[in-house]
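Pasting the structures in now, so scroll down.
Shared between the two complexes below is chain A, which has chain B as its partner in the first and chain C in the second.
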Partner chain A sequence: MTALDTPVVAPARRAAVRRAGKTGISGPLFVSGYVVLLVAFGVLPTLYAVYLAFTNVRGQFTGLNQFLRVFQDFRFWPAFGDILVYLVFWLLLIVVLTVGVAIVLRSRMPAPLSAALRFLYYIPGALAGVASVLVWLFMLDPSVSPANWLLTSLGLDTFAEVLAPGHLSLIFALIAFWTGAGGWIVVMYGALNNIPQEVLEAARMDGAGPWRLALHVQIPMIRKWIVYMVILAFAAGTQLFVEPQLLQTASLGRVSPTWSPNQLAYVYAFQHGDFNGAAAISLVLLVIGLAGAGLLVTRSGLFKVDEQ
Partner chain B sequence: MKRIIGTTVVALVLLVLLAFFVLPALWLLLAPTKTAAELTGQSPLSFGSFANIGLAWQHLTGFENGVLFVWLRNSAVYAVGALIVTLVTSIPAGYALALTRFRGRKLLLTVTLIVMIMPSAALVLPVFLELNLVHLIGTAWSIILPFSFYPFGVYLVYIYFATSLPRELLSAARLDGASEWQIFTRIALPLATPVVGLVAFFSFVGNWNNFFLPYLVLPGSDEFPIQVGLNQLLSSTPSFNPVAGAGLNITSPELALAIIVAVLPVLVLFLFSQRTLVSGMLAGATKE
Partner chain C sequence: MTSSLRRIMAVLAIGALATGCASADPGAGDETPAAGFTAQPQDANAKITVWTDSTRLPSVQAFQKADPNVQMDVVTYDGSADGSTYLQTKVQLFDRTGSGWPDVVFASPTDVTWASQPTSPSAQAFAAPVDEGLVPADTLKNFADGSLAPCQFGGHTYCLRNDIAQVVLWYDKTLLDQFGYSVPTTWEEYQALGEKVAREHPGYLVGAIGDTNSHESYFWSAQCPAQQLTDAKTLRSNLQDSHCTKMASLLDDLIKAGSVSKQGFFGQGFAKDYGGKVLMAYGPSWYGQYLFNSAFKTPAGQITAAAPLKWQGESRTYTGNVGGGVWMISSHSKNLKAATALASWLTTSDDNLKGAPTYPAYSPGAKAWLANPANKDYFATDVSGVFQQAADEVWTGWGNTKFSDATAWSSVVLPAVTAGRTLTETLPAWQNEITSEAKSVGYTVTTQ
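Let's look at the complex of A and B:
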């Protein structure tokens, strides 16, 4: 039957295969809606921010003056310093703990217990954004916090003492870790699942204990995913806004309104009405985000799905 | 011996993490069962009474003539509106990027990857400046349209079609004389339900939780989504803001209840779709 059909079908099938590469205008049509949104809310705002950052209020080209001006603002470098300290805490926490926990959950635990723990760790993920910050306002207030014994044993007896300027980077790192870590543990677990069983067996046969196995086999094999997480967490971390903004509201001004660069840009735009300066700051942040993204897309090999 | 110590340390770390992740959520659930005084006086993880929940609910819904419901409705309008536009634009786009060839396709793919990885907050201020230029500030569209731009959704759909829809199936359909539109709606779309669900979930949750953009573009309380509303409640809570809070009946239990109400839709959605989500996320996570 098949043998009989083949000669008849073959030419037509070849034509179909040839046509499959050229599907006329349907491709461009199918992407058109998305392209409109991409241009309107990805490309155009970026170009407009570039335009604003290189001009003044009257639209005259001012070169790098806007950048020089915001660089000289006494609040600019402290804001980037805050973010830097925050990023160190947050990236250390997330890398060490999500990878470590995922390895333990994958290799040294009965499956139902591992699944239950992954689910429980993921729960705060549902309380993203404003909700998570508000919950942590309570957690950090010694008068209501379930961890008040911990806070007071650290010598922090009032909400104001907890919110001392030197503590903020760590506090934001804890909030970010609380909401974000569960999701990354699931991702790392999935990546670990992908390591062929034979590879692990071979390493065990060679006498590798759990530590050596983790350090020399598992972590190198999920390196791509760790890099992916670090770059995403880094880029998102530079954009911190909600957390310090809400804490500022709740602390009666004890927390600086320009703690993070995004807050500083917000103050430029909405309190000074200085859109050019605000655009210059956002552009600096945008370049940092783009650099991370570009590095990831070109270097990591994570996105090589294309071109069979 | 060494092994026992190692296991103990590991178990201890897992337990401390468990407490760290679960206790704040548990505290949040218990907080509205207590009065503000009980909240500070009683043990933090004790249960108050159901009557107190009712009282907190009355105070909360009484705040500015029930503006809470307006916020929730606004959130629903913004999140669902954006979700619909996202699905209508991103599913065909991901499909076309994966299974058709056209000029500019590679460029579009690269730009999508870059924008997808960039944190969305990076573009919020530029988007605000642009919306300001075209006088769209303060309208629902100034939220829905920027929310609708969801490159991560396009990427998910692209990956799905590129890896799990056999090209032979499409060639066979073309052979039978189906048009590109028919192939998309009759063959590709029915096979894509898992990824449509995944995109819908992520987009809805992202939109529902977004604070930065609505905070910038919406002028009045009547237009706020619940996230910005929570910020307003926070500044009306005496324990955090003694100046503004007098006589409004909004105290810590009311605020805690408002947080629960705000995350409830996401939580319910999450619990119902947990299985699909984890498998879908892993499908994405294990794609090389």
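Let's look at the complex of A and C:
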């Protein structure tokens, strides 16, 4: 398998590195527009949040007191517990199923059927976030759901029973999977396309069946794409807001208004008028997201450019 | 060794950093709101912005028609119903940007708890004290007993109450006569009747507890001290009080028997599946039109209301209150005269109140409302006496707090009951949630 360790895309990357060395100002010019927007709407708000998190409402420096105060809030740890369980469900679902489905589509399907299915999978993702949650409100209410036979056979006869606190993490993971997986299946499919046909042929000649081919050739060769997906899914997952917020309203309050950490920050800012506490919570989320991404990037060598 | 030493040093450093700094408590050093407020420079022709819910929109339009000289910009929003915090969210933002406040808003009583205080040290409280030269004291005196209590903070009145939602015993007279039952007058009789209905007419209901406000119908009426404000900053919550445990076990008994539903009257599918099976509903005065007429589509001449229930052996009858809106005038308004004229007309004029959608809080207006046959046509008997009696029996021991009482009930109690636990078992968790919420917004809490 040593032959496979040489990344297939390496020649293209080397070319890119060379080009970057030669260009004058056209490169920086091209990215400058984005940099301006990033600074205005990404970096400056983050710095403002940092300022708020370390000061109080009078602008006095408070050190870590804002953080200590939100850690002691009775809703803080339950919200992070909720999001942790949700992340476990959601990351497992998205990694196992999108990669699995992409491999089946790539290797075990006639091309036209595969193309049609990829399009179908992508449709839910094209719906705006809020609209897709509305679809799920219907799906989960036994009195109107097209799948009510399934819900009632699970012993869930009313919307209230479906929304039991213990089910929420799984429900949000399913919604997220339904809206997000299609796009990732297309990306994984593209990644699989990058594997040269000769490599697959050689593996088959050596007697690898579909399982061995997937586990020992295809998945290792798209590992970086999988890591990339996990980083984005993790960051998006910790920031879950729209789904619980909408379900909270639609369920007439049966879902806690502070189910996820982002919702708790929202309650801090807009109900308690406590922008400092809200900023502290959002910084905690930022640190978790950065730590998760940093760990995955360094452990997987995602950004390593192979120079020979 | 060195690494653990370093860790200890780090912890100590963090501790030092945390202790040596200014307090993070947003409420630290809060002063009680100043009596007066700084009015904007006034302009008698300035346009006023009005935020109303869709139910009250026709009233606002009627004022516009009656007085076309007032320039108005009318905006419809959710009216702060069902614990929505839209108004609060927006005012927080307007306070930060320094502009954009509406001049007159329809809101829920809970909103007055924050609107009567500045949202930050540099802001001015959103609601103008209406007793400070805006509305005459004689007018304020005419509101029903205690109906302005949610508006009052620090000796000033920050809103005009639009309507009260006194809880009464709604029942289907046609069905009750057909079954041969008589109307209960005490909670004990209500329980006995509920058991009898479950035995003799299974499937029929005498109540439901699954709505976001069901606790206000039952536990407020039962005089349960779930959230009693002993003073502006101290909250008493004692759900082991006998008034609470009696009500919890009464409801547990009827839920078990099957004549009280765990679902909500306003829950999805309820009207379709059970609308015709509701023999009784203990709830606010607006249930008649909004639940039986609009949602259940019960034909006219069947439904009527009876006086609130009392506990056997207690001399006085008390009842609860489920909603009832208020109108607030913005302290930032550039045209306080027009804003006050509108708010006063909406809450006190017979012209508006006789056709109001819900029971007016202003007593002379309530008389005009009851005199209007259109408000009573639908009912099987005259509900005037019952409504007037109940309006004066609302228990004042249920505090209008800075946090919504619906959160703990809907997100802690109802899921537990749905999962099969009894209300009695859930009382400690409910109390725990109320006390935690109260502490998080700065109340001192006692549980005795």
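By our rule, the second predicted complex is superposed on the first by the 254 of 308 C-alpha atoms of A that agree within 3 Å, B and C clash if a C-alpha of one lies under 4 Å from a C-alpha of the other, contacts with A are read in each partner's own complex, and residues count from 1 in each chain.
Here is the rule we go by: a contact is a pair of C-beta atoms (placed from the backbone, for glycine too) under 8 Å apart; a residue touches a chain by one contact, two chains touch by 3 or more.
Small disclaimer: the values here were computed from a predicted structure and weren't measured.
Legend: residue contacts after superposition of the two complexes on their common chain; A:N56 is shown touching chain C, with no touch to chain B. Of the two partner chains placed by superposition, only chain C is touched by A:Q66; chain B is not. Using the contact criterion defined above for the overlaid structures, shared-chain residue A:V144 touches chain B and also reaches chain C.
By the touch criterion stated above, A:S300 is placed in contact with neither chain B nor chain C. Contact with chain C, but none with chain B, is seen for A:E161 once the two complexes are overlaid on the shared chain. In the superposition on chain A, contact is made by A:L252 with both chain B and chain C. Looking at the shared chain after the overlay, A:A269 reaches both chain B and chain C. More chain A residues lie in contact with B than with the other chain of the pair chain B and chain C.
In the superposed model, A:S107 makes contact with neither chain B nor chain C.
Using the contact criterion defined above for the overlaid structures, shared-chain residue A:T152 touches neither chain B nor chain C, since it reaches no partner.
On chain A, the surface patch touched by chain B in one complex and by chain C in the other comprises residues 141, 143-144, 249, 252, 269-270, 275. Here chain B touches chain A in the complex through residues 6-7, 10, 13-14, 17-18, 20-28, 31, 39-40, 44-45, 85, 88-90, 92-93, 95-97, 100-102, 104-105, 108-119, 121-123, 125-130, 132-133, 145-146, 148-149, 151, 154, 159, 162-163, 167, 170-172, 174-175, 180-181, 184, 205, 209-212, 215-216, 227, 230-231, 234-235, 239-243, 252, 255-256, 259, 262-263, 266-267, 270, 274, 278, 281-282, 285-288, going by the rule given at the top. Of all residues in chain A, those touching chain C in their complex are 56-58, 60-66, 68-69, 73-75, 141, 143-144, 158-161, 163-165, 249, 252-257, 269-277. The part of chain A that touches chain B in the complex is made up of residues 12-13, 16-17, 19-24, 26-31, 33-38, 40-46, 48-49, 52, 97, 100-101, 104, 108, 117, 119-121, 123-131, 134-139, 141, 143-148, 178, 181-183, 186-187, 190-191, 193-194, 210, 225, 231-232, 235-236, 238-239, 241-242, 245-246, 249-252, 262, 265-266, 269-270, 275, 278-279, 282, 285-286, 289-290, 292-294, 296-297, 303-306. Chain contact summary for the complex, chain C toward chain A: residues 14, 17-18, 20-26, 28, 82-83, 85, 88-89, 92, 95-96, 114, 119-121, 210-212, 262-264, 266-269, 272-273, 406-407, 409-411, 414-415, 418-419, 436, 439-441.
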